[in-house]
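You will see chain A twice below: alongside chain B first, and alongside chain C after that.
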Partner chain A sequence: MSDFLDRFGRGQSMCHRWPPFVKLFAAVAMILAATCAPITHGPLVGIVACVIFFAHTLARIPLRYVGRRLLFFWPTLFLMAISLPLSQAGQKGWLLFVTILVRGTLSFSTALWLVNVMPFDQLLATLRRLRVPDVLLAILSLMYRFLFVLWDELDRMRTARSARLFRKPSLWETWRSAAHLVGRLLIRALDRADRIHGAMLARSWNGRTRWIEPRREDQR
Partner chain B sequence: MSESAVRVEHLSFRYPGGPDVLTDISFTIAPGEIIGLVGPSGAGKSTLLQHLNGLLPSKLPEFVGQVCIDNIPVARQTIAEVRRRVGFLFQDPDDQLFCPTVFEDVAFGPLNLGLSDDEVRQRVRDSLTSVGLADYEPRSTLRLSLGERKRVCLAGVFACQPSVLALDEPFSSLDPRARRKLIAILKQFSGSQIIATHDLDIVVDLCHQVLLLDGGQLRAAGQTRDILGNVALMERHGLEVPWRLRPK
Partner chain C sequence: MHIQDGVLSPVVCAATGAISLGAVSYSVHRLQQSVGDRTIPLTGMMAALVFAGQMVNFPIGAPVSGHLLGGVLAATVVGPWAGCVAMTLVLFVQWALFSDGGLFSLGTNVLHMAVIGAWGGHSVRMFVQRFFGDSRKGIVIGSVVAAWATVMAAAALFCLEFRLSWSPREIDFSKVFTLMVSFHSLIGLGEALITGVAISFVLNQRPELICRMGTPARPIEGTGRSVHPTATAITRTLAAGFVIALAIAAFLSPFASSFDDGLEAVLGKLGIENFNLTGNVPGLLEDYDKVPVPVAAWQSIAVSFAGIGGTLAVFALAWLLGKVLPAAPPQLSEAAGE
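Entry: the complex of A and B
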């Protein structure tokens, strides 16, 4: 589960060999292009999509892998976008709906490309050199570290639940037990956050975070 | 005042609104001594260990007594010095490994101690070598086995060069090989250690003295073989005499 988002992060393609700054700026440029291209200009949006598709091919990231991650992302995106046609009657609402879907998909694909051509620790180091605030980096770092730990925890709880299901549950029961799982996970996450804070304090953390690179010769 | 690495005097504690977790605990640990902290689940072992590192605030009205590390009382003013001297290993390595790479995680403590960059790098290298993970610096903390994660946690603790180790269930869920490696590493550490564990055979192997905690009270303290070999005492507190001390 830990490589769900960046399975190809330590590959050897041409894109992987680019300097970190180039990769980061390429991703930012692609996201800007995706979000700025007017949705009514089909060819322009198509060109941006082709560039992103080409970038994935160049980095040897299988499109099936990208597609599967998009399947996880689309329901959230859909829920966000559907509120617009419901609140704004007429064609304008639907145009906004399509705009959010297309831009969200292209931006997500680009972000996926970035974390698959640049391991997350390298991405954080690059952002640090660009003087992104420490608090933001610490949040990103902890989020990346514990997202998968919590996901694994959820997975274990789901398995434990399945092991005690002796018949196919009704839709109502499924939703009810899913709500219980999420509530339980939230409590566990809070407990874990408490323990992590304790572990940070135990190693003399005083609220400020300092970073260094492993070795000078490794700096790129 | 006699020299002691850890001195706990009449320590009582309860979480706000909860029942007593620790009641009138007193003991000392000499420099270089290894103490096993044993007792049934919920006896208060982890809470006691957290007091050694000042992780539970001593200013709460629920806190009574005194804890001293190298004759320094654990208090708000001394907390930084106490934490520099006490290395704490948490039961779940996922709680302790919060940085994306092994290097960053091991460097976390030394960086907080305000050491220079070169000193930090040296300490990271030395402590990873001491736990047998010399080439693990660039590895992601997400992609390590449980045994490796525990050893990286220990390297993070060693990197702060503590004089006392407080270890909470360090051997739980480890396979025999990982357990042997961890025991060998702990045997090499020259400072004092207090090890909370259910693995009593390892206590026999490692510890000079044992503290038996049950229901938040210190029920027995003494030589490892005297305490753990006492069948009646062990059974009274829900424990078993370890295999190595059972009569043939």
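Entry: the complex of A and C
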């Protein structure tokens, strides 16, 4: 899963070597431009799109990868956008429909660019220098760590569930077992949190977070 | 449920972001105050859990499937403050890793799912639970109702934000509102069902995990000991149900009526020329020109029906779940899992 999310995060392109602040602010600026440019102003939107595309090229993010992520993303955006003209019986709202599609796509690709030039630990270090409270960052970094553990746990439980099923379950059974899956995962996660807490106490955890200074390449 | 960048105007995003910032800061503050050293790993795990829980698919039709949102679940287990923080971080990571949601609309999403989900969900659950004393049934019913109410409130709030973002010339908001509310009353039913089953499952297996903030009676399981007056009579349930139903209906109807009235006037000025240009196209809009009042009335009725009917349905659901599920015998917690 992590491979899919920020596959190119450890690349060595020009964009990767920019200071973290520059990357973050470049992304914010691009999203701001994408969401504020009036859609009727074609050239402006085109320029923003070109800049975003250029950024992807600079970062050596393959077009195929971007395309695949967009393919996963478009259906939800499309559903959201099409509901507007549909609610108007197709009479109005098409401009809004196009606006949402274009802006959504542009800001999504910008966020994708940011994910792929800025690994998560770098993002955390940057946020810390932006004075985000330590508690939040500590929780965030632990969450990032647990995320993949719980995904694996969920995968195992799903495999076990499908191994136990001999027939196609009814809709209600599917829902019930899926909700039980969530409940079971909850119990396991809380037990794991207890164990982790014990392990942290054993390593002299006192509720205060301390950070190791970021590595040199993060500071540049 | 995630709002992308570009759906709402930057000003609305900024305003909702400011509200969320305040709410989340207050949650963090309370979290830091209440801290045991256990809070940080627990909240981190809860956030990761909500994230993973959203990966579990709930099939609806052949291609469509829904998933848990988890605000009420998180608030029920770790309390509103930690729940709000956990949901905020989930939304942040969803943007930072999945590019799901959006940067500027992050504040809006946090308001909808973390603040309404955890704070609102917790207070609704506490309100409903009061009618059941400190029983298991109360927790399940309370969380089911809370899940439904938070989804509906988020949908209504979204409509309001959407209304503030775009000029009425481009779109007719009362129809968007009708669509949104009816659509989300279904989503809310799903959320309520999932939350209810998951929580009653946990209550069956490991009742000590469910947080009971604000209720002084700690042991509830089996012993029947509780400090609150347990008024579990059907009359109290019905009373609670109708209070909630009325509250939601009252919450929805001003929206519906003001949307209709305000827009009717605007459309009367702006929309009619448009309408004449397009000619007599068969469809809903044709009625608008000829008989504006019945259509408007019909829409408010539809919206109110979605609100009240949905609320009643959720109450029936909650009642059934509360009745059926705790009757199950306690199972072996470890062996039953894999």
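The rule is short, and it goes like this: the second predicted complex is superposed on the first by the 126 of 220 C-alpha atoms of A that agree within 3 Å, B and C clash if a C-alpha of one lies under 4 Å from a C-alpha of the other, contacts with A are read in each partner's own complex, and residues count from 1 in each chain.
FYI, contacts are C-beta pairs under 8 Å (C-beta built on N, C-alpha and C of every residue); 3 or more make two chains touch, one makes a residue touch a chain.
Keep in mind that what you see is a predicted model, and the values were worked out from it rather than measured.
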Task: First, second, both or neither for A:L142, with chain B first and chain C second - done: both
Open item on the list: One more residue to check, A:W205. First (chain B), second (chain C), both or neither?
Closed with: both
TODO: Tell me which partner A:L84 touches in the superposition: chain B (first), chain C (second), both or neither.
DONE: second
Open item on the list: According to the stated criteria, A:L186 is in contact with first (chain B), second (chain C), both, or neither; which is it?
Closed with: second
Task: Partner with the higher number of touched chain A residues, chain C or chain B - done: C
- [ ] Have a look at where A:F120 lands relative to chain B and chain C in the superposition and call it first, second, both or neither.
- [x] both
Open item on the list: Under the stated touch criterion, which partner chain does A:I196 make contact with: chain B (first), chain C (second), both, or neither?
Closed with: both
Open item on the list: Once chain A of both complexes is superposed, is A:L96 in touch with chain B (first), chain C (second), both, or neither?
Closed with: second
Task: Where chain A meets both chain C and chain B, residue numbers - done: 120, 141-142, 144-146, 149, 192, 196, 200-201, 205-206
Open item on the list: Using the touch definition from the top, list the residues of chain B that touch chain A in their complex.
Closed with: 50, 53, 55, 80, 83-84, 86-88, 90, 92, 94-101, 103-104, 107-109, 111-113, 117, 120-121, 124, 137-138, 140-143, 156-157, 160
Open item on the list: So in the complex, the part of chain A that touches chain B is made up of which residues?
Closed with: 2-3, 119-121, 124, 141-142, 144-146, 148-149, 192, 195-196, 198-206, 210-212, 214-215
- [ ] Using the touch rule from the top, collect the residues of chain A that touch chain C in their complex.
- [x] 5-6, 27-28, 31-32, 34-36, 69, 73, 76-77, 80, 83-84, 86-93, 95-96, 99-100, 102-104, 106-108, 111-112, 114-115, 120, 123, 133, 135-136, 138-147, 149-151, 153-154, 156-157, 160, 171, 174-176, 178-190, 192-193, 196-197, 200-201, 205-207, 209
Task: Complex contacts: residues of chain C adjacent to chain A - done: 2, 4-7, 10, 28, 31-32, 35-49, 51-53, 55-59, 68, 73, 77, 85-86, 89-90, 92-93, 95-99, 102-104, 166, 170-172, 175-176, 178-180, 183, 193-194, 196-199, 201-202, 205-206, 209, 274, 278, 281, 283-285, 333, 337-338
